[in-house]
Amino acid sequence: MGVVVQNIERAEMAVIDGLAACGVATVHEAQGRTGLLASYMRPIYRGARIAGSALTISAPPGDNWMVHVAIEQLKAGDILLLAPTSPCEDGYFGDLLATSAQARGCRGLVIDAGVRDVRDLTEMRFPVWSKAIFAQGTVKNTLGSVNVPVVCAGAAVNPGDVIVADDDGVVCVPREKAAEVLKAAQAREANEGDKRARLAAGEISLDVFSLRDRLHEAGLRYV
Amino acid sequence: MGVVVQNIERAEMAVIDGLAACGVATVHEAQGRTGLLASYMRPIYRGARIAGSALTISAPPGDNWMVHVAIEQLKAGDILLLAPTSPCEDGYFGDLLATSAQARGCRGLVIDAGVRDVRDLTEMRFPVWSKAIFAQGTVKNTLGSVNVPVVCAGAAVNPGDVIVADDDGVVCVPREKAAEVLKAAQAREANEGDKRARLAAGEISLDVFSLRDRLHEAGLRYV
Amino acid sequence: MGVVVQNIERAEMAVIDGLAACGVATVHEAQGRTGLLASYMRPIYRGARIAGSALTISAPPGDNWMVHVAIEQLKAGDILLLAPTSPCEDGYFGDLLATSAQARGCRGLVIDAGVRDVRDLTEMRFPVWSKAIFAQGTVKNTLGSVNVPVVCAGAAVNPGDVIVADDDGVVCVPREKAAEVLKAAQAREANEGDKRARLAAGEISLDVFSLRDRLHEAGLRYV
Amino acid sequence: MGVVVQNIERAEMAVIDGLAACGVATVHEAQGRTGLLASYMRPIYRGARIAGSALTISAPPGDNWMVHVAIEQLKAGDILLLAPTSPCEDGYFGDLLATSAQARGCRGLVIDAGVRDVRDLTEMRFPVWSKAIFAQGTVKNTLGSVNVPVVCAGAAVNPGDVIVADDDGVVCVPREKAAEVLKAAQAREANEGDKRARLAAGEISLDVFSLRDRLHEAGLRYV
Amino acid sequence: MGVVVQNIERAEMAVIDGLAACGVATVHEAQGRTGLLASYMRPIYRGARIAGSALTISAPPGDNWMVHVAIEQLKAGDILLLAPTSPCEDGYFGDLLATSAQARGCRGLVIDAGVRDVRDLTEMRFPVWSKAIFAQGTVKNTLGSVNVPVVCAGAAVNPGDVIVADDDGVVCVPREKAAEVLKAAQAREANEGDKRARLAAGEISLDVFSLRDRLHEAGLRYV
Amino acid sequence: MGVVVQNIERAEMAVIDGLAACGVATVHEAQGRTGLLASYMRPIYRGARIAGSALTISAPPGDNWMVHVAIEQLKAGDILLLAPTSPCEDGYFGDLLATSAQARGCRGLVIDAGVRDVRDLTEMRFPVWSKAIFAQGTVKNTLGSVNVPVVCAGAAVNPGDVIVADDDGVVCVPREKAAEVLKAAQAREANEGDKRARLAAGEISLDVFSLRDRLHEAGLRYV
């Protein structure tokens, strides 16, 4: 506790932006269905789709001192990602901190705890994925750490990993695999276009995805 | 497990559409406050109000093979209704399946589990009521059944029952009672118009609904 | 049980309206981080920000008889606040009751239980903060009380206390402290304007809020 | 609502007692992994293993009037099974009702709500599986029904179905399948004895259950 | 925040001990079904039945500094009752604090948060009712208050109120009503003995409690 | 997916057994309050206190195929630790698997899902910490992996890490820090003995832990 790692590696911005364009569900599939945060992480407003480098914060329950410390470490394109050291729903973050983060190029916040001033944040278009919306305030009395490995909403996140977030939730892509995952995600997308057209035309997915033989083999009975 | 019932009876379309027009709260009252799914079943977007015949899916946790099977059985006006065989939040359904279902006349999905690609589903206006929004993918390895009786979010549903869903939640009307419930629901609505006008004019509901005598009898004290 | 207190004291309307303008997070801070209702109390639609005098209802589970009784006691500027005597998600309140309450000057409903007809309530702009949206109906068989002290979603509320509610949740301000809390809240707001401008200009909050010395003292290490 | 069905069919006592001896996990497997109540249904004390005929109660939230009505309908070997019409944790049942039920040959209670006086019930060895232990009392003001089909903790139960309950939870066996399920359960048990001995001797379950070939086929890699 | 009230009034010990003998369910009934803490408050071991004067602690999340402060204020016969200022499951209390509290005559702990070292506490027979068992430690950095009014697990508690706790949960009796509630509770108990005997002899509760007429009136149908 | 790592490093047995003797709360403190699994992980019976090397299993929801694979990899002194790839409460493990695991020297199971046959497991003294007790069975159709890094109940666990579990919950100690953490834990224990004696003798913890000065400095007021 009480450590701020100042220099972390980040993925290339082109890769990060490519992952944002693919979206959470596709990226999650493309990396073998790993890295997803828990389903309770919900966006404070609909329609945002972002990706960025994780600037991680490990914070004590009900204490947002480290958020202030973390904002100083932000680089343009980063996403703040906060994991409390024990379960907490307090509102660690509001419009003042968002103003500061946005001024420094931060793309959003992922927080396994609460957020407040959500009307202001929505108007500012500062996207947040959180466990709760809660006006409960925090103190500034106990140290945590910045840019250390954390577990956030059930997913292991290292500083500099790529975080992708949209209406479906949040996924973490390990930094060193980001380029490869992007490639796989884009391949999935290319492949889906043709299938979507066939399905829209009324073809049955059992045919489009060639599922009939295995169903028969598994013993499905039509009565 | 492993059965697809191909021919099920459905209610008349006029009855189904009539029930949609009444909405969930009224229909639920009209059938004696039964058949409601649990309150955790929430729409992915607000404003949809639909009814349709239940095409039921009993699926293993984390396995959406049977959804593909079910879509082939869809008739125009149906609603897909999925109950997992044990509690699950995985995203069984996304934009490809929605494209296929919509192409075949499906009016929506009710799923006691998760859904993904909700931004696309919202743009397509394919309504879904679900327990979770979750990008977590599924496999296609284990059989379930289609058009068998299920318990979905706490309500017993038989194939062909009428499902009504709106912003208040989801209710199941047994197929053989649908016409009678519609009648009762429409009677309730007719009755409410007059009362709403009196209340809007400032009359007290204790008078409008004649509640004063029983309150007195029960011993209510004004101090 | 079974008591209706008819005359309660209320805060001055100017104070109430001033608190609404400050919003929940600011008011909660201004009164020493007390009085907040639990984070599960969510608005049925976004964007409402209200304050009013609490007209409290203690009701049995699944029984809304007392809501009818309470509406007769409403004065313009009041907020209905319902706490069930045991945990309950039933829909105690719908469009008919909202029509009546709105006609009598009620500003909204805070209910540690369920609400229904939310599409209608949204169209009427009758704001509700609730634990659930649930079409499940209620009966009128068992007495409760009106304008007695209650605990609602974890907060103690006395009749006539000022309730402030917005997208961040709901906070209760004791009536006798309302004027003083308003003053503190307005002072906070005045103070924040300048800080927001400095943060928007890129200054670091560690400087704006003078946090560096205590961090150093606490032993934070930069590596 | 408001109906008491007095004559229901029950399974043969020998079948019921046979199912009790097999236990919940085995019976659940033997009937194709169906009929299980939700995992939140927990016994108030450990070690009881019972089976009996379901005497079903559909009760309003917070109202135990129908429990009194149901007890009059008990036959020796029955199990009381209560499903509230909306989610509720109130203590519907305590030591007085247990005294009465036990005097009439009732084997236990399964309740998707709360129970109280658990110290007394434990001393009496009157087993209960419930969603909650909660001292919250109930009223006797609103009718429900006895011996109607219900959904209890996610499982559909008809009056006279066989309920099996032990430390693993609660399962419902449809009355008309009870004899057949017992046979299948006993066959499973016979089969397990030999396997248990081989596993206890250190043999690997991959061999005992012949799982290696399919693993290889599915592509499992050892590194 | 940051206040310790040193002199509080307490109920008479004879009244307190009388309430313990009646138990939670009876006391709760005797005071009109009020004052019960939420059902998630569970004992760390079964069989304890205690009552004592509430020594209240309002503590920040994850910070047990005030517990140390509170223990100095203990008088023999007191119960420590802790409410965090926002929801928290951390283990505020373990065997060292229990040793100290027990040495000073404390009868137990009621905590709307977590506790740890439960094996030791069980061996010491120091009873605890808590929301969680959790080894997560706490800090000593932020002030709270001792002997101020709190809301604990949904119940309003004033310092010096009588807390009664057993296997059924926890109930709070306002100090000034304690003697009167005891009287009502003892009357209930006296009344129950005769009824229990009649029920044990096989009489139907519908007769013992004279419930048949109202059932008939309410329209119950036997079929 | 679909990988079994056969050779993993483990900590020394003396270190592992030393950590077991210290218990979860002490070990968790000794490693800086990290590595704790969520509070919902509860033992199926009280009184077990174990430590062992983590043999990790990443398994699909509702599929226990990999548990069979993992058991073959067990060495004496290991603990099976299972994390499902999406949230699941199914009973992956029962008495047959426990018989096999115990025969191979396994000390227990930590599973972020369900377990069944708990009566048998209790009699066998095979300890399990789980999220649920649930008779729901699993299939053997989809691959997972063995001995890969997992996140289990909110904690990151690598194969070979030391798992300590007792009535307070479960903590993970990274293998390479195990010896050092043991030393710190034993130092804590040595230190506590003296303090416990002073507290038992009635000394105030504010003195025993020298907390008075900082309280004064922080502004605590006694009134």
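Letters A, B, C, D, E and F name the chains as they come in the text, with residue numbers starting at 1 for each one.
We take it that contacts are C-beta pairs under 8 Å (C-beta built on N, C-alpha and C of every residue); 3 or more make two chains touch, one makes a residue touch a chain.
As the structure is a prediction and not an experimental result, all values here were calculated from the model.
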| item | value |
| --- | --- |
| Partner chains that chain A and chain D have in common | B, C, E, F |
| Rotation angle (°) superposing Cα atoms of chain C on chain E, nearest 5 | 180 |
| Interface with more contacting C-beta pairs, comparing D-F to B-D | D-F |
| Euclidean distance of C-alpha centroids - chain E vs chain F, Å | 31 |
| Distance from the mean Cα position of chain F to that of chain A, given in whole angstrom | 28 |
| Inter-chain centre distance, chain B versus chain E - centres from mean C-alpha coordinates, in Å | 42 |
| Sites on chain F at which at least two other chains make contact | 33, 36, 39, 85-87, 89, 134, 136, 142 |
| Listing of all chain pairs that touch each other, if any do | A-B, A-C, A-E, A-F, B-C, B-D, B-F, C-D, C-E, D-E, D-F, E-F |
| Chain A-touching residues of chain C, taken from the complex the two chains share | 23-25, 28-29, 33, 36, 39, 42, 46-47, 49, 166-169, 171, 192, 195-196, 199-206, 209, 211, 214-215, 218-223 |
| Residues of chain F touching chain A in the complex | 1, 32-34, 36, 38-39, 85-87, 149, 151, 154-156 |
| Chain D contact footprint on chain C (complex, rising order) | 60-63, 85-90, 134, 136, 139, 141-142 |
| Sites on chain D touched by chain E in the complex | 2-6, 65, 68-69, 71-72, 89, 91, 94-97, 99-100, 103-104, 114, 116-119, 122, 132-137, 140, 142-143 |
